[in-house]
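Before anything else, here is the set of structures, which you'll find just below.
Here chain A shows up in two complexes: once beside chain B, once beside chain C.
Right, the complex of A and B next:
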């Protein structure tokens, strides 16, 4: 139910004088209401602020003007386009691109109303850390990362980040302190104001929620709380934050029956992901200035995680864990509990990519100068057209590869040709060397 | 996608018990009681939407009416997605203390689940108590869950006793909401059933200097209309 603007009402853009006509009410938050509006046949989203909110945030307009003039950090942000004003009232707001319906909220993910596979989920996590990396690299701070401002396409893992009106230059004081459960402990305690380092904590919380469907600090200490009020939240998230899987302190370990998602998901991910979360919620809590896991570390780890995926014969997605194998432990499928059988894999310098029936390599994998480029596949696992038992890696790039067989014979794999997935074959992609392992 | 679902269930959540305390005394007869019925009915969908968007709470609703004596209007906790409002009638005096006693009984530790979010009590009245309000308030505040409850009060019209409502709220930073007309009432009821509900379970973005009730941070209420211009009661 809307209260600020009416259907058919016209607002004007401050830069272009464009007329925006209000169509439908989309939703309300603590700061204002969002509407769908139309201009020259195009649909946009329009946020209008509550007058009582503006009183608490006098810098709002100036902050938006700065964000608009600087431009979006990348296209995942539904960034403000221009300010809009009503003709006869002091109401104002801004317009931004409209979010398409197939993007769903993180709440939908938490309530299992959408259920993407691990690959799409990890892709979404990756998109998220890359976008926040771009935002922070531009000198901005987001301040209010939470469930309600991230959206994902469950079919592809593409993401969108909205509510960008709190974004400001890092260090500038703002009106928003963050959202409980996502705020860094020093913010909950009131010891510090939101900044890039507190954003990093919130990013880690969001990633934990997405991958584990649980909060990283809600274990036994949460179970012991009868009434979950402000005092309880301050204690749990601010004054006594203990990671539920802190290897040195099990006082907040998850309780079976109450925190089952955490207990289910934690062992399912490889050690390198668990290690990063341990750091994020131990050193990352104690050393606010230097201890937090940064987006580029998450980016590398999430790419490695996606490359570690293997399918069990039962169809479940699992993760290859080289550290577990080094310790001589047999990995079993989380679903059918049978030992995992690994597909061939490609060792690319220090990383391993599992070569599943649907694996694709990107420029990121085969070209040192094009790291983090995933827009176009450069190679794909494919089956021999005549012999279904033969699998190969097809060259989808425009460069020939040089391969060295185990008998040291050297061959060329031209674009569109395929190399057999045989153990010991070395592939020279140009700037990167790789070897097939079976 | 492999087609196989990832393991586990929904995000773990806690119950949140929400109570309407509605004044149905004779002075509410006519427009006021009809406005109250209308306002609560209009708040159901927004309330369900807020609950649906909230992964941290399972919202359960009950209602008490008070006139000559207090009684349960909705005695068994109803899940918010199944919540319907049967219209109430107005007659009799204002047993506000009795209503507080009634809700206090249900907030006893033995009757509440072991782990909950703070309960939310929303009182709507146009007058002053005709029974022992202080005894009712004491029985409420004697219960740990009563003390922990987020207590919101909406006074209707000129005769509402705002001092009593302030006592019920128990925190000076939160003021009773004063509805001067039907539109105010609709806005306040909606605010209590959406914004306050959200604040008690999964607080939204924290605006600097916002009111803290001691239980949960409560965002600012909508502004009332100008009482001199539009006072229909």
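Right, the complex of A and C next:
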């Protein structure tokens, strides 16, 4: 139920004097109401604050002005575009891009209303980490990272980050210090002001949440709490935080029946991902300055994770785990429990990329100077048109590759041509060397 | 808003069909005397869920108890939303423990469930089968001076009548569920399937009436519109005749409605806050 603005009402932008016409009410939060508005045939979202809220957060306008003048860190943020004011009343708010309906919240993920594949989920995690890297690089911290503010397109893994009006520069204590469940322990205890390091903790919690569909600190200790109160929250997230999979402390291990998602998903991921989470929630809890996993570490790990995906014959998505193989353990599919059969692989420098029927390589993989570029495919796995048992890697880039066969003959693979996926073939992409493993 | 006095009335009647087939009333409701909260539960009924009448009663009672404790906490108001997000988990946990206790009691007294002969493979499956025997939906509401809190898992109707006389549905309606089966307190990961909402009264006035009802009620009417009219009528009657009178007549109305309508059990609980003559 809306109360602040009426359909057809006009608000004016403070920078551009643009007229925004209120169309429909989208929803209310604790701070204000959000409407769909129209300007020059374009749709935007407009948030209008409750006057009473502004009294409790007097820096709100200043904070928004700072955010608007610095500009959005990247287009994943539904960033404030400009402030708006009403003509006669003292109401104010801001306009931001409108979130399309096909973006779903993490809550929808928990409720299984959407069911993205691992690839899309990891892509969403990656987008998130990169966006927070961009945010932090601009000197901002988000302060209120939690799953209500993150939306994803389950078909593509694209993400949107909403509710950017709490974003502030590093180290400023403000009205919002975050949601206890997603806050760094030192903030829950009240020992520190929000900063990049505290955001990093929240990012790790969010990533864990998205990949395991569970909170990293909610295990036996949570189950033992009969009635949840503030003291209990302070204990779980502030004073005595223990990772549910802490290898040296099982006092907070997940409880069967209550924390099943954690127990189900944790073993599905390769050891290197689990190791990173273990660090994030052990040393990362205590060593605020040096212990936390940084965006770039997550970024590399998530890309590696996406490159580790393999399909079992039963159709289930699994992850290649080189550490497990080194220990001589055979990997079995989590779904059908049959031994996993690996597709051909590409060893690129010291990483392994699984060459599934639908794998694409990007500039990130084959050009050292273009790391993290995933916008255009540079190679794709293809099936031989006459012989369905023969697979190849097609050159989609505009550079020729040089390949060395096992008998040391050297050949050139022109753009659009394909190299057979045969064991031992080495590919020179220019700045990067790779070898096909079968 | 200190002079607002909330009151609760409610009733649960056995469905006309159940009178004929001898089944117990599988609905239940509960409310608090010290806080303004109430819960309504609809046991699933069928043979697979043969103790769902007990499951529904336990669900309603445990929920009211947890809501009382919740309302009794001196929270920082900013944390209400956050802390309330643990309620589904705690309700599920409390309900499961109560179910297991009841199950053990019945086992000891030599009253095993009928045709639960299919031996389960694992202890977990066993556990899940026990919960399922008691399977139920749940609706609950709590009002304080500062906010209203709404909770739901599975079908049933949570309607709010605002001070402008309009019906609102604060929780999303018919969340998608596969195969026409309702969500249940007994399902795996039940806590994730709750809908919940906290509405603060800072910027909008409290409602005048909150209605929780099992689906036997709405299914007795050709469309939701008629059902909403009934809720508005009850509000008028409460206003004119007072709570005691309406409370006294409510079971008869529900009986009548079930006979003319769905034939199902019907339960309704109402929290309202206008002068009760």
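Criterion: the second predicted complex is superposed on the first by the 438 of 438 C-alpha atoms of A that agree within 3 Å, B and C clash if a C-alpha of one lies under 4 Å from a C-alpha of the other, contacts with A are read in each partner's own complex, and residues count from 1 in each chain.
We take it that a residue touches a chain if its C-beta (ideal position, glycine included) is under 8 Å from a C-beta of that chain, and two chains touch if they have at least 3 such contacts.
Predicted model only: the values in this text are computed from it and were never measured.
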| item | value |
| --- | --- |
| Superposed partners chain B and chain C on chain A - clash or fit | clash |
| Partner chain in contact with A:52 - chain B first, chain C second, else both or neither | both |
| First (chain B), second (chain C), both or neither touched by A:130 | neither |
| First (chain B), second (chain C), both or neither touched by A:179 | both |
| Partner chain in contact with A:82 - chain B first, chain C second, else both or neither | neither |
| Partner chain in contact with A:321 - chain B first, chain C second, else both or neither | neither |
| Which superposed partner A:228 touches (first chain B, second chain C, both, neither) | both |
| Which of chain B and chain C A:111 touches, first, second, both or neither | both |
| Partner chain in contact with A:168 - chain B first, chain C second, else both or neither | neither |
| When both partners are placed on the shared chain, which of chain B and chain C touches more of chain A | B |
| First, second, both or neither for A:311, with chain B first and chain C second | first |
| Chain C region in steric overlap with chain B, selected from 7-15, 43-51, 115-123 or 259-267 | 7-15 |
| Residues on chain A lying within both footprints (that of chain B and that of chain C) | 1, 3, 30, 50, 52-53, 110-112, 179-181, 223, 225-230, 233, 258, 260-261 |
| Complex interface listing, chain C residues touching chain A | 66, 69-70, 73, 75-76, 78-79, 81-83, 85-87, 89-90, 92-94, 96, 124, 127, 162, 168, 175-176, 188-189, 192-193, 200, 202-204 |
| In the complex with chain C, residue positions of chain A that touch it | 1, 3, 28, 30, 50, 52-53, 110-113, 179-181, 222-223, 225-230, 233, 256-258, 260-261 |
| Residues on chain A engaged by chain B in the complex (per definition of touch) | 1, 3, 29-31, 50-53, 56-57, 105, 107, 110-112, 115-121, 144, 146-148, 155, 166, 175-181, 183, 209, 213-214, 218, 223, 225-230, 233, 258-261, 264-265, 268, 311, 314-317, 334-335 |
| Interface residues, chain B side, partner chain A - complex | 1-12, 14, 42, 45-46, 53-56, 114-118, 144-145, 148, 187, 190, 195, 202-210, 212, 214-217, 219-220, 222-223 |
